[in-house]
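Each of the next two complexes has chain A plus one other chain: chain B in the first, chain C in the second.
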Partner chain A sequence: MSAQARSRTDLLLALADDELALGWRNSEWTGIAPFLEEDVAFSSIAQGEIGHARALYELAAADLGTTADELAFDRPPQDYRCAPLVELRFVPDWARTIARHYLYETADAIRIAALAESDRSAIAALATRIEREEVYHRIHADMWAERLRASGERARFEAALAELWPLALGLLAGEQREQLCEAVSREPVEPVERGEHADEWPVLWEEMTMVRRSVPGASW
Partner chain B sequence: MIWEVFRQEREGAPFQHGGSLEAPNAAFAQAYAIEFYGRRNESTALWIVPREAIREIREPYVAEVFDRDYRRVDGYSIKVKLREARARAGARAGQDRAAGGA
Partner chain C sequence: MVTEERVWAALAAVADPEIPVVSIVDLGVVRDVEVEHGRVRIEFTPTFLGCPALEVMRERMADAVRALGAEPDVVVIADGGWSTDLITAAGREKLRAAGFAPPAPREATAPTLVQLERGPFRCPYCGSTDTRLENIFGPTPCRSIRYCASCRQPFEQFKTL
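The block that comes next holds the complex of A and B.
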């Protein structure tokens, strides 16, 4: 595999792992969100992220000669490329959940827009398809950010944003970080880079792969 | 705040009531309506209306108080009259039979 193909696969896997882990974390709100409508909406967004992960894994799997399921569930935890931001467990803290959701969706828009310009047509086409759903994720994230900012919990929400900001910057690379600073009106800080995993990651991986590992090699 | 959602299944079809949802403002109502009624391409368009914006009118103002069938474009409905006539005819035939058998 050429160096260029390798870096392309790495990028796809980083994105897919981000979406899978965040989809999982957001799905932890299913059944316990602040009210029913939000429960349905946030669960649906979580499923959306996992659907995007699946599509991205499929592209990477084609390059690597494997399957999406194997990439999603059969790698050892240290091989995943997700950023620490998506690994953190926030239930039952809604302010931090929304702060992450808002920062993540804003960052995701930037990298998806870049992918849509990819010279590989399958990647560009997928990015365009993903973007059609991400629009709704952003509407949801923005309306919640606005609501928390206008609420009595503003300080709590702002503290969560400040806390997660270095991790959010780590989602992106190169000049995309400047775009993110601009998009969320924040000053650049030292990013927490992808590569190191959060303390919660092994537990999440354990849970995420538990059923599949329970019957190795099974066809489901 | 309660919002009523109307959905149009395909272009040109009438909007039909889909259901209601609770949301603190129009932005939230819109986002939830999309999730509830538009996520699986089951609607081509949605109307989202605050429940209090809907003026509801009920009986006796809706039901006709007087017989105004003659004003309808399809004229009188004779279904009921026909049924009554048949019943009368049946009753008379019964009486005739009873009288004939005596």
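The block that comes next holds the complex of A and C.
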């Protein structure tokens, strides 16, 4: 595999791992969100993110001669490339959950727009499709960010944003970071780079892969 | 002999697993059918990438092709070539009659919260546009929840994709 192809596959895996881990974290609100409507919303968003992870894994799997399921569940935890932002467990903290949702969806839009310009047509086509679905995640995230800012919990929400901001920058690379600063009106800070995993990650990995590991090679 | 026409006719009888009143052809998700030497290649796209009905749809299409005595090859395509605008007129009417408001046409720019809140979305039961957004998300990724202030009925609205 050429160096260029390798870096493209690495990028697909980083994105897919982010979407899978965040999809998992979002699904933790199913049944216990502060409102019934948010139970439905976070469950649906989780399903959307995991669907995007699957499609991205499939593209990477074609390059690597493997399958989406093997990439999603059969790698050792240290081989995943997800950013620490998506690994953190926030249940039952709604302020941090919405802060991550808002920062992640804004950052995701920037990198998906860049992918839609990819010179590899399958990647560009998938990015175009993902963006049409992500728009609804973003409307939801923006709506909640607005709502918390206008609420009595504004200070708590702003503190969560400030805390997660260096992690959010770590989702992106290069000039995309400047675009994110502009999109969320924040000053650049030292990013927490992808590579080191959060303490919660091995626990999430354990849970996420448990069923598949219970019967190796089974067809579900 | 298997022809493309016969395959299309067979697929037109394959119901959507979640909304069985419409077929996968009504939804416009069958993108292409090619027949060559007894093999049938179907290109198909999910309505949403995370659609859990994907595998079931794929199996049902494969079964429909096998019933014609041919070997199926169902390929999933994920690109920008499909949108809810490709749901057929007959499909939209079947959705509406079953209580699902069909999707609004795609516009040049992406949907916004203001559009979802203020747009003239029509109640599939009474036809009123005095409806409000209850939840952008619904029981499946492709639907939102709205409420009709006129007939006081909540209903599911297809998202525009």
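In the analysis below, the second predicted complex is superposed on the first by the 220 of 220 C-alpha atoms of A that agree within 3 Å, B and C clash if a C-alpha of one lies under 4 Å from a C-alpha of the other, contacts with A are read in each partner's own complex, and residues count from 1 in each chain.
Criterion: a residue touches a chain if its C-beta (ideal position, glycine included) is under 8 Å from a C-beta of that chain, and two chains touch if they have at least 3 such contacts.
Note that the coordinates shown come from a computational prediction; the quantities given were computed from them, not determined experimentally.
Taken together through their common chain A, the two structures put chain B and chain C in a clash.
Of the two partner chains, chain C is the only one touched by A:54; chain B is not. Of the two partner chains, both chain B and chain C are touched by A:44. Judged by the touch definition given at the top, the superposed model places A:136 against both chain B and chain C. By the touch criterion defined above, A:7 lies against neither chain B nor chain C after alignment on the C-alpha atoms of chain A. Put chain B and chain C next to each other and count what each touches on chain A; the higher total goes to C.
Contacts of A:126 after superposition on the shared chain: chain C is touched, whereas chain B is not. Residue contacts after overlaying the shared chain place A:151 against neither chain B nor chain C. Within the superposed arrangement, the part of chain B that overlaps chain C, taken from 6-14, 60-68 or 78-86, is 6-14. 37, 40-41, 44, 136, 139-140, 143 are the residues of chain A that lie in the contact sets of both chain B and chain C, per the superposition on chain A. Against chain A, in their complex, chain C makes its touches with residues 46, 48-52, 78-83, 110-113, 116, 134-141, 145, 159, 161. Contact residues on chain A toward chain B in their complex (touch as defined above): 35-38, 40-41, 44, 136, 139-140, 143, 146-147.
Chain B contributes residues 21-25, 27-28, 30-32, 34-36, 39 to its touches with chain A in the complex.
By the touch criterion stated above, chain A contacts chain C in their complex at residues 37, 40-41, 43-45, 47-52, 54-55, 125-126, 128-130, 132-133, 135-136, 139-140, 142-143.
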